[in-house]
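Both complexes below contain chain A, partnered by chain B and then by chain C.
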Partner chain A sequence: MKDIKVLGTGCANCKATIALIEQVAKARQVEVKVEKVEELREIMGYGVMSTPGVVIDGKVVHAGGIPGRDKIEQWLAA
Partner chain B sequence: MNEAALHWPQRNPRVFLLVATVLWFGLYQTLQPASEALVAAMPVARDSHLGGALQFFLYDTPKVLMLLAGIVFVMGMVNSYFTPERTRALLAGRTEGVANAMAASLGVVTPFCSCSAVPLFIGFVQAGVPLGVTFSFLIAAPMVNEVALTLLFGLFGWKIALLYLGLGLSIAVVAGWVIGRLKMEAYLEDWVRDMPRVQAIAADVRMPLSERIGAGFASVRDIVGRVWPYILAGIAIGAAIHGYVPEAFMASIMGKDAWWSVPLAVVIGIPMYTNAAGVIPIVQALLAKGAALGTVLAFMMSVIALSLPEMVILRKVLKFRLIATFIGVVATGILIVGYVFNLVL
Partner chain C sequence: MQDTDHHPLPDAKQYCPTLALRKANEEGALLVDVRERDEIEALALDVAGVINIPMSEFERRHAELPRDRLLVLVCAVGERSLKATYLLMYRGYTQVANLEGGLAQWVRKGFPVKGDSTAVAAGGCACAKAIPAAGSGRC
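== the complex of A and B ==
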């Protein structure tokens, strides 16, 4: 199971990112745990400057803007 | 065939850009005659109020939307060269002065979403970008952007767009410099000051031209998809006024002679929160009703650059005094711009 964290202060893009990840995971039948990180201190701890950021199993894979569908599929496939 | 057309920008990016540019200009040239032809085909007299309003609407709507799509596309590609990480690396460790001007200019070309303002702020400070320089960036990024400039250019002409660009950048540079001189580092929230320093390193991401084109399309979808209703509303208001005799309704309240109109415009603008596109219909209506240009520009800058929700988020990282200083310095800058405009024009 993949542990996914979405970093963001609660803007529309962050919500869209979470929805998209869950959608792709469901379509590909990958088990994921998606968690929203809204605490600024924690977000900064990952060294991310532009939100939304995506962290998979403790590693930052994306920062700034809603990730593309193909990108998410790559993360889930790996 | 369809498949081939879809993959064309990927395979032949240069040819695609060339053809797209030629097509864009060609189409743009036909807008004026096309709008006249459309009105002529309608059962209204061209020289009537309604005819004038219709022609204005039918010409301005596709014109502004095409301008916006074109410029947002180009800026989407330009943005892909200026990631926030790269901008930070360019600014880290510089002394104030020239760096303020650099920061303000980078604020225009670095992709920026207002919800990223605070993480960006901390990230800059953490990497040793001076506080005043960080503020120059933070003021310019939302205020001077391609959407605001394109709309001003499309609706009011290049002079007003250029003035807005120059004055917006000046406010960002000077306000940032002033905040830097006030030495307010102590008014960052303690946890921000205590954060470990980081090195500003920007990974050199090589992106093929085809991917930059993709980024251009993505920002057109995102931005134009979001702002077109405001633009339509703005042009509709413009058209309604265009066809009919403009009243000097606002002239007494927001005209040149009312000295208190500029501060009033700034104060009204602060709690209002909208983007550059959202404020355009209001600007259009105010100008047409005889409000002075400086007053209207001051209002627009205040709405975009100073917003209450942003202050609430900034409060998590700045102590009250620094926020108050920030508002005070920027509002003063906008005020001066408004007065100078009204005086000169």
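== the complex of A and C ==
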């Protein structure tokens, strides 16, 4: 199971990012655990200045803006 | 051990204006103002040794800051600068602190500024709603 964290202080883009990841995971039948990280100190513990940020299995794969569907598909296929 | 980008950070140090000014005057601390240029043109800290690196350029330019001096990060109300403080901590800076309450608190204390001090009270940034109530940031 992929451990996914979405970093952001609760903005609309963060919520949209979570929804999109869950949607793609469901469509591709990939098991994921998606967690929101909203506390600034925790977010900055990944060195991410632009949110939403996405962390998969401990690695930052995205920072700033809603990621594209194709990008999410690549993450989940890897 | 798992390879990870996560470096757990302790809580950032928060300085009140009095402590920040004392550190600047007596211990050579640098005040780092992360507000944008138009905000600084309207109102600036009137203290020797202020460095301006706007938040929009901070990720790219933070390495310009010395690692061997105490750095006190400043913005309008202390929110953007807190983020900048944590970024420096993440990048391995050990002598960093945030100006709690930002320039708004600095102005309330009557500390030296150049420009129109109502500019900050009017809310120089998107996080203006976070300005603490008068007196709540006393130190």
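In this section, the second predicted complex is superposed on the first by the 78 of 78 C-alpha atoms of A that agree within 3 Å, B and C clash if a C-alpha of one lies under 4 Å from a C-alpha of the other, contacts with A are read in each partner's own complex, and residues count from 1 in each chain.
Methods note: a contact is a pair of C-beta atoms (placed from the backbone, for glycine too) under 8 Å apart; a residue touches a chain by one contact, two chains touch by 3 or more.
In this text, all values refer to a predicted model and were calculated from it rather than measured experimentally.
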For A:V60, decide between first (touching chain B), second (touching chain C), both and neither. second
After superposition on the shared chain, which partner residues are touched by A:T51: those of chain B (first), chain C (second), both, or neither? first
Using the touch definition from the top, say if A:L40 reaches chain B (first), chain C (second), both or neither. both
Give one of first, second, both or neither to describe whether A:G8 is in contact with chain B, with chain C, with both, or with none. first
Have a look and say if chain B or chain C is in touch with more residues of chain A. B
Taking the stated contact definition, name every residue in chain A that is touched by chain B in one complex and by chain C in the other, in rising order. 40-41, 44, 47, 49-50
Which residues of chain B touch chain A in their complex? 83-85, 88, 111, 113-116, 118-120, 122-124, 126, 191, 195, 198, 218, 313, 316-317
Chain C residues touching chain A - in the complex, by the definition given at the top: 2-9, 11-12, 58-59, 82-83, 86-87, 89-91
Contacts from chain A onto chain C in the complex sit at residues 40-41, 44-47, 49-50, 55, 57-60
How about chain A: which of its residues touch chain B in the complex? 8-14, 40-41, 43-44, 47-51, 64-65, 68
